Amino acid sequence: MEIGLIGLGKMGGNMAERLRQGGHKVVGFDFNKEATAKLTAAGSVGVDSVEDLVKNLQAPRAVWIMVPDGKPVDDTIAKLKPLMQKGDIFIDGGNSNYKESIRRHGELKAEGFEFVDVGTSGGVWGLKEGYSMMIGGDEDVVEKLRPIFETLAPAPDKGWGRTGPSGAGHFVKMVHNGIEYGMMQAFAEGFAIFEAKKELQLDNAQIAEIWQYGSVVRSWLLDLTAEALKANPELKGIAPFVPDSGEGRWTVFEAIDLNVSAPVITESLIRRIRSRETDNLTDKMLSVMRNAFGGHAMKKE
Amino acid sequence: MEIGLIGLGKMGGNMAERLRQGGHKVVGFDFNKEATAKLTAAGSVGVDSVEDLVKNLQAPRAVWIMVPDGKPVDDTIAKLKPLMQKGDIFIDGGNSNYKESIRRHGELKAEGFEFVDVGTSGGVWGLKEGYSMMIGGDEDVVEKLRPIFETLAPAPDKGWGRTGPSGAGHFVKMVHNGIEYGMMQAFAEGFAIFEAKKELQLDNAQIAEIWQYGSVVRSWLLDLTAEALKANPELKGIAPFVPDSGEGRWTVFEAIDLNVSAPVITESLIRRIRSRETDNLTDKMLSVMRNAFGGHAMKKE
Amino acid sequence: MEIGLIGLGKMGGNMAERLRQGGHKVVGFDFNKEATAKLTAAGSVGVDSVEDLVKNLQAPRAVWIMVPDGKPVDDTIAKLKPLMQKGDIFIDGGNSNYKESIRRHGELKAEGFEFVDVGTSGGVWGLKEGYSMMIGGDEDVVEKLRPIFETLAPAPDKGWGRTGPSGAGHFVKMVHNGIEYGMMQAFAEGFAIFEAKKELQLDNAQIAEIWQYGSVVRSWLLDLTAEALKANPELKGIAPFVPDSGEGRWTVFEAIDLNVSAPVITESLIRRIRSRETDNLTDKMLSVMRNAFGGHAMKKE
Amino acid sequence: MEIGLIGLGKMGGNMAERLRQGGHKVVGFDFNKEATAKLTAAGSVGVDSVEDLVKNLQAPRAVWIMVPDGKPVDDTIAKLKPLMQKGDIFIDGGNSNYKESIRRHGELKAEGFEFVDVGTSGGVWGLKEGYSMMIGGDEDVVEKLRPIFETLAPAPDKGWGRTGPSGAGHFVKMVHNGIEYGMMQAFAEGFAIFEAKKELQLDNAQIAEIWQYGSVVRSWLLDLTAEALKANPELKGIAPFVPDSGEGRWTVFEAIDLNVSAPVITESLIRRIRSRETDNLTDKMLSVMRNAFGGHAMKKE
């Protein structure tokens, strides 16, 4: 089928290509001219404006938005709305907060448009291996997009599904990322323990490779970790600095709001925050207190 | 090659069968006569005593011990020693503490025997899918056992390896289980959040199945979880009670001894302990304190 | 000086009385007629309506609002505004979110009123021992209320202060409560360890009493705990169920928003949430997973 | 009464002086000649050897050992034993592991000596304010030392007590320190949040001072913190590096061994360990994983 795609970055660009390979007509736009040109070169339709994107699609249209969460999504929708017509479908495939998705669904629905929220996982490997998609929205609308999902997914009947009403897609993706934080932290702690156990001369790259087959912890994350460790066994040149992209903290907020105790997902987020702290006041305070009551020496800066 | 196997339970029994299917001669003993009979019925040699086990093997012998950690391992070794001869190999494939393995290696070596510690992962699926094995011990001894490892592993060249000197096998397996605790806890928290989000009517079984393909969290644990949720979506009849088997807490102790901060593995253990606490004094104390300073009502039992 | 006080509950009622004892004229209102009657009986002016409260005060007026956070505060302000005149001061002494306080300050200021946010600590003991007050707002307005603060505080020059501009009072009180959670949890865990160490036959009440003098952990919380343990050493009849009142979770949200890692305050909140969970899905999931990969028996409900 | 004191450091020196001021005859020894000289100058009996110490005391003797835990305690006892006689009392007032104290009690008792374990809290302030003492050992022996405890304590009947049989003193002190870690961490996190909230321009020294009077968090630790912040409001020159002295980690091990979930005490220890980690492998691993699956940029060292 035909689909518009706004945002041709790491994720969007690969998705466009996977859709093209699957026989769909993709009309793509990005502020980055190079990305558009690359799309055209690959055999899809790269356009220079949102107006052109809409013009190149026949109604009822489906436009997949793949831009950073927050204002960029609202801006894109605002730009599209006057150009689109009733029944056209907006798809937000990015990492939006599910509450925003519920709001957008309500607002667009009130004006006669359709809106679907798609939590999209798979990272840079999606082009080759397919994307896992968690979809929230009205059943009939999701059904209309079936050909798109069947192509983007690892297999037509695997790795995607409507998880519930509007918001359910981004909600499930949000928690997916929270779980991802926990798994990553668990692995990272384990390898740090190995590194510290000097007398056993353990080799993290070798261990990761062994675990890929037959172990309880075998997983895609481990596969990638094994490859990365093979390429750079001592992680030379890499700073111990870990960003977080929003969904982890939303998961923590949501767990607390729902009165669900989620210590490991929470701790994984806190640990990432900690990785970015320098000149830590908490630790200085502890040092000062120890000195104050026990006369313990303080390390000086 | 020939191998003796002591302990024909969930793990040992399956391993014996995988070895037999791989063309090895397995002589097996278990206090449970049924287990021995089953072994014989399958085409291996089930025997009624440790003495018979040793008699049925030609020197230099290799005896794989697959019994609970601690005293049972020492008892088995003590019983075997007078029957074995110099150069014979003891293999501890169970979940022993690596410090014990280092001790046993030293003691046996001093008496002319060989000892190898093998951390064995794979659970009840190992017969079909193979075992992941992390091996500690002397290089030449591990090399002698190569045919055994190649058969037990998922593939001859995959899923096993000598990770270091004596103790390195059980050490790596110990941390493997710590990581496993963290991964499990992360998934479990995520599904608990889904269950609590009533208004989105999420379906844990469906979500687990979607994630199996293309998501960042895809893993063997998730595959098993998806199957379990399919069979019992609401986990009916299952108590919220989680044992821990020793290796998780050893990992926590080790991390602290090594001065490695491992909050997520640690928290996963603490949470399991919490699952078994009833009539919680900590929480009662908090309730009493709130009442004492703020006059807040206490819930009565 | 003269002061109006709306909300004569556990906190407000005691504050009114402390103010009266300090020589101030207190005009108090509460929907609960008993509370108003009690105020009058004590020698202050209990009134039946917000209208009467305002009428009984001479401009420029100061009205201290001591009601639950959220809608009740906004409702009270809305009811007061038409009755008050420019320059009159609204004081929110409850546990409001500091963001709301900043908003209310802005809105009231725009209409010519003054607004001060006061985080008030001291619980049911404040009448006797005085209140600790953290105050946010304009300096000149705080200064006008000095006689009130000097009376409510433990001593005229101790236990109160303007901590910053609007919002700073409730912000500091919010974090105060977060710290309180952490301290309480630390004590509670310690006493739970004592109870579990059966062979040493420790006596929590005795230990708490010993620690009150000379120890590093001596504190007001410990004093109250010692008394509570003396009265009920085994905490008989008390359920292990711990509410949380909002400020703890706001502290956690704020720490994350500010990118400050605060694991202990966070964990204290999570543990309170955990105390209220029954039929825990997280723990059931863990049990199911252990069974799925390792064949471990599941405890049945 | 008469007492010998071995170890005249920060703690022991002050205790000797408090005992002298209380009318006791103190015979003190330390390898540091200056410490001994200072003792003599103050009016007690400083001696140059353990032999002289014993000689200067009349049987039945009481010798208080105030040296680092572990080997130094055993060495001191070993040196004393041949010089002492049946019925003499050994007192370990340091931070020994309670399991060692139980062992030492058993060994000394078997040889006709007495042994008492005293957990001593109060730090450098003990000389002035008295020490909190938690005492384990036989009732009659503790009773014989009553004059000593009454003098060292903040008041004759306050701040000390026999908490149980041998080991109970050091056990209670161990957990006391675990609680202390939790309280310190809670305060430190709170002040770090204040520092990060730039727009409110909060002043940690002022807040600490306000809280000292009337707040729920008022405590001795807060008093010391307020003073330290007054002296150095921005904690200039202090490194964010926090040692831990053993008792915190023993508390964590003990909680796990007893199957008591103690997340806050545990997390406080982990956070101290974290403060000493540099070039963190865990965080590098996380960075590498994010790059591997999502193509996220890694910060370079």
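Per-chain numbering from 1; labels A, B, C and D assigned in written order.
The rule we apply is simple: a contact is a pair of C-beta atoms (placed from the backbone, for glycine too) under 8 Å apart; a residue touches a chain by one contact, two chains touch by 3 or more.
Everything numeric here is computed off the predicted structure, so don't read it as measured data.
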Listed pair (C-D, A-B or A-D) duplicating the B-C contact set, over half by residue number: A-D
More contacts between chains, B-D or A-D: A-D
Rounded Å distance between chain C and chain D, as computed from the means of their C-alpha atoms: 33
Centroid distance [mean C-alpha coordinates] between chain D and chain B, Å: 39
Between chain D and chain A, distance of the C-alpha-averaged centres to the nearest whole Å: 48
Chain C, residues touching no fewer than two other chains: 123, 185, 187, 189, 192, 216, 220-221, 259-263, 267, 270-271, 274, 282, 293-294
Arrangement of touching chains [line / ring / star / complete / other]: complete
Parts of chain B lying in touch with chain D, wherever the complex brings them together: 216, 249, 252-253, 256, 259-263, 266-267, 269-271, 273-274, 276-277, 282, 293-294
Residue ranges of chain C in contact with chain B within the complex: 10, 123-125, 184-185, 187-189, 191-192, 195, 220-221, 224-225, 227-229, 232, 235, 237-243, 263, 271-272, 274-275, 279-296, 298-301
Residue numbers on chain B that touch chain A, as the complex places them: 121-123, 126, 129-134, 136, 153-155, 158-161, 163-165, 167-168, 171-172, 175-183, 185-187, 189-190, 192-194, 196-197, 200-203, 206-207, 209-222, 251, 254-255, 258-265, 267-268, 270-271
